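Next come two complexes built around subunit A: one with subunit B, the other with subunit C.
This part shows the complex of A and B:
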């Protein structure tokens, strides 16, 4: 293990430890826990979107698949009374199933054509939720999607509690990030990056490009569907607008500001930008402008994103040491 | 010398690089610009303060509504504070308004309301539009926090199961009991035998269409159908063409902002339609007159007091122009909300017991506001009086000119 890898592992461990201790540190402040839960959702969505990016694609349908997961779980709860514990996996599987079917034609497109096609898929998903009022509640959406309860060895945990839901969101987010980390660090991850670098070259060395693209897209949408289920049971209300193209665009911004080349990027981007957005909330109508300024400054002065900050700091320290010597 | 000037001098003297200069100057500019928004007027340490929170859309597509709502509260609080504050049990309390942006989304509204209730400790919040209201209610009702909002639809989250939730703005349904009788008197009942509806293809459009259907049934007007548009639409000719096929005596479009109302009016007139067009949500004339131009004729705009008439209305307009640099009739419509709450606080003699304040608020009657007389109604329809009802100032645009044509309190049915 190199020095840098050790340091990165240490930072990750510290970040996870901090996240687990946050409720105690903030004195169980419900607002801070709410922001924490929002960060967890944003990380889960951004990292799963980033998985598709490792192939060289940006999917604007990603929030739509989150919506499929959310609606699946919500409908199972409101019509059959099934709990999130079961629904979450069914929701993820349904989102993955739709993603698998759609990805076969979708993944044959490239560049701007993929961009346009994924945009259309995202819009169609939203419109289907809105159009079939009898099933999905139309624009009105679905209400009363309650959080689950669990009985662990006689200990009743009700997830209507903000603290309990925070830990649930945190654990699920950590699982998604860890799963994507394992995929990217494996041989499969290397194949994805090779497709990203040169699809034609990857094909010529014997990689079944379409198969890998379909699998990656389906896997990413599985995680998006899972996030959607968690989102629905936390907010207790969903409607088609929640999962429109803007949600996908926010995730894209999280990835770009965080950095595109490692998994640290979407995690950092989603965390920092969610916090910045919350800090700017009192700024009223200036909020969007400030948010834009923050993004522009980051892109201008931090090319490569927030993930490059540690390397920049190390370089700066080395330069300062060099000067003092 | 300001920080920026110092920075400029350092750059000119070669002490800092261009990049450092640009980044530091940007940061300074950002800080300077953001400071006024973050800072609220500090309350005196020995003054008692009642905090009122706003979770309203200040950015995004419905920001116009959110900003208008906020202006009403900010202006009202300043006026009340200048007069010494709110008298609760003989003790004066100052009002402090804290406002957060919701971008008009459910999730953001929930976050903003959580911050208001949990961190700022407010017991009274206001909001604007359906998405912000839905997000807000998840927090306010369990916490027994009073919410005062403008929200027309989503009746499943309104009524006796939501005792702390007040809908101050009259929806197009209540407005109908004022502007339809006016139209029948003005144009003749026999000339308004049928109607068609145009609305946005979303829940707001569906809810407004439902209100329209109930009104048509009540007044015995034949409903010829509905056409929905998308918010992104800029060409309204296809929708208006389909609407005109059924040959309606008049058209209702709701909730259509002024620009869309103007486009519908223009398209209809260009295609030879002569009947009146009413738009209960436009609440503004300038855009309609500019966009529709010569075609702006027989446009009926309920709850739109185009020009202040009473001394109170004139004073509100003058104050808003002085305080915010501008005034619109919509902001005027929202200006009474804070006075209603203050009347309830003084009547209840408490600000901590929100149940007592909610009960008092339902009984509040204001006689002289920007919208005239205000009461809370809805006992028979919703099992609780939580819907604001007030004098409906109807503006009529004729031959490219807007004038206040009618003022009346809605003739609500007994079943309401």
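This part shows the complex of A and C:
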């Protein structure tokens, strides 16, 4: 372990510890916990989107798959009364199944064509939710989705409590991030980056490129579906607009501003921008413009994103020291 | 016969790049395909390793037909391809590049042996293990590309212009390595524009002209051939 990775691990541990202590620190402030939960959802969505990026693709359908998860879970609750504990996994599986089927043709397209094709997929998912009023409630969406309860071993927790849901979102988000971390650190991760760098060369080496693309896409959408289920049971109300291209676009901005080359990027980007977005709430619709400005400024002045800040600071300090000597 | 190609045809849209060529590679031999740009040399290699579709003909490896098999399955059978222009994963370390070559090996001990084997052929790569591939010199990059192919433990290596753009001293270094691979029992299909180098190394040579084989034979015969001398050896 080098100095830097040691430090990175330290920062990660500190961040997770802080996240776990946040309710106490903020005095169980409902608004701050709400922001915390939103950050958790945004991190889960951005990191799973980043997993697809490691193969060189940005999927605009990502929020759509989150929507598939959300609607699956919501419908299972409203029609069968099943709780989030079961629905979450079914939602993830259903999103993954759709992702698997669509990724086989989708992953045959490249670069900007993949952009457009995934955009279309995302749009179709949204339209399907809006069109079939009988099943999905049309543009009005689905109401009365309740958070789950735990009542075992004398433990009685009702997740309508903000604090309880905060911990639920935090744990799930941490698990998703950790799972993606493990994938990227493994042999599979090296294969993903190799496909990212050169698909043709990966083929030369004997890598089954299409297989890996399909698996990565499916895995990422599994996580997105899970996030969707958590989202639905938290907000208790979902509608098609929540899962449209814009949501994917926000995740893309989170990734670009945070940084594209390591998992730190999407986590950092989603955290910082969600907070900034909340602070800008009084600005109303101008917030959307802010996102555009931020992405342009990042590309111009901070290529590599927020994750490169520590290295930049170190370089600056070293230069200043060199001058004073 | 280890590798046989029969009546191979390759089309790019309507243009026929390879017009029905046949060749064969014996075990432990070096065969070379020489010819000018656009003669179809690279297309032949790509067709063998499954990277492009052939429009007609057969490719057999150890008696089994491998045309229409997927590229990754062909690598798994024992045919490794060193692409033209020393293509590497430039943003990865030497070690990671080699590791990807052994993509199909899951056994850890076997993997270590493969690494040792490659480092025996290319000691310099051991020293440069943790360096980013793109920071290496041209010759060293070629070594990584060859090492990566070796990691797959192939029976045949298809090499596409390994001498291209290298300094003369590096060219002879690469030639030595190719020879040592042969001594280790590997078969090599060598595509070269540097005809004199290729024919010196090879047991058998094929002269390609616009998608057909103009001449074939033992390489010492080809070296002596007047036509080859005039057209390819500059004599």
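To be clear about the criterion, the second predicted complex is superposed on the first by the 310 of 325 C-alpha atoms of A that agree within 3 Å, B and C clash if a C-alpha of one lies under 4 Å from a C-alpha of the other, contacts with A are read in each partner's own complex, and residues count from 1 in each chain.
By definition in this document, a residue touches a chain if its C-beta (ideal position, glycine included) is under 8 Å from a C-beta of that chain, and two chains touch if they have at least 3 such contacts.
Every value quoted in this text rests on a predicted model; they were computed, and no experiment measured them.
K.L.:
Who contacts more of subunit A, subunit B or subunit C?
P.N.:
The partner that reaches more residues of subunit A in the superposed model: B.
K.L.:
Quick one: is A:149 in contact with subunit B, with subunit C, with both, or with neither? Answer first, second, both or neither.
P.N.:
In the superposed model, A:149 contacts neither subunit B nor subunit C.
K.L.:
So, does A:284 touch the first partner subunit B, the second partner subunit C, both, or neither?
P.N.:
A:284: touches subunit B, not subunit C.
K.L.:
Taking the superposition on A as described, I'd like to know which of subunit B and subunit C A:297 touches: first, second, both or neither.
P.N.:
Once the two structures are laid over each other on A, A:297 reaches subunit B alone.
K.L.:
Touch test for A:139: subunit B only (first), subunit C only (second), both, or neither?
P.N.:
first
K.L.:
Please indicate which partner A:235 is in contact with in the superposed arrangement: first for subunit B, second for subunit C, both, or neither.
P.N.:
A:235 sits against subunit B, while subunit C stays out of touch.
K.L.:
For subunit C, which residues count as touching subunit A in their complex?
P.N.:
Where subunit C meets subunit A, its residues are 49, 51, 70-72, 74-76, 80-81, 83, 87-92, 96, 99-101, 103-104, 148, 152.
K.L.:
Which residues, counting only subunit A, touch subunit B once they are in their complex?
P.N.:
29-31, 34-35, 38, 130, 138-141, 143, 235-237, 239, 241-242, 278, 280-288, 290, 293, 297, 301
K.L.:
Give every residue of subunit B touching subunit A within the complex, in rising order.
P.N.:
The touching residues are 19, 23, 26, 30, 33-34, 37-38, 58-60, 63, 67, 70, 98-101, 103, 105-107, 110-112, 114-115, 118-119, 131, 134, 138, 153-154, 156-157, 201-206.
K.L.:
Using the touch definition up top, name the residues of subunit A that touch subunit C in the complex.
P.N.:
Residues 187, 190-191, 193-194, 197-198, 200-208.
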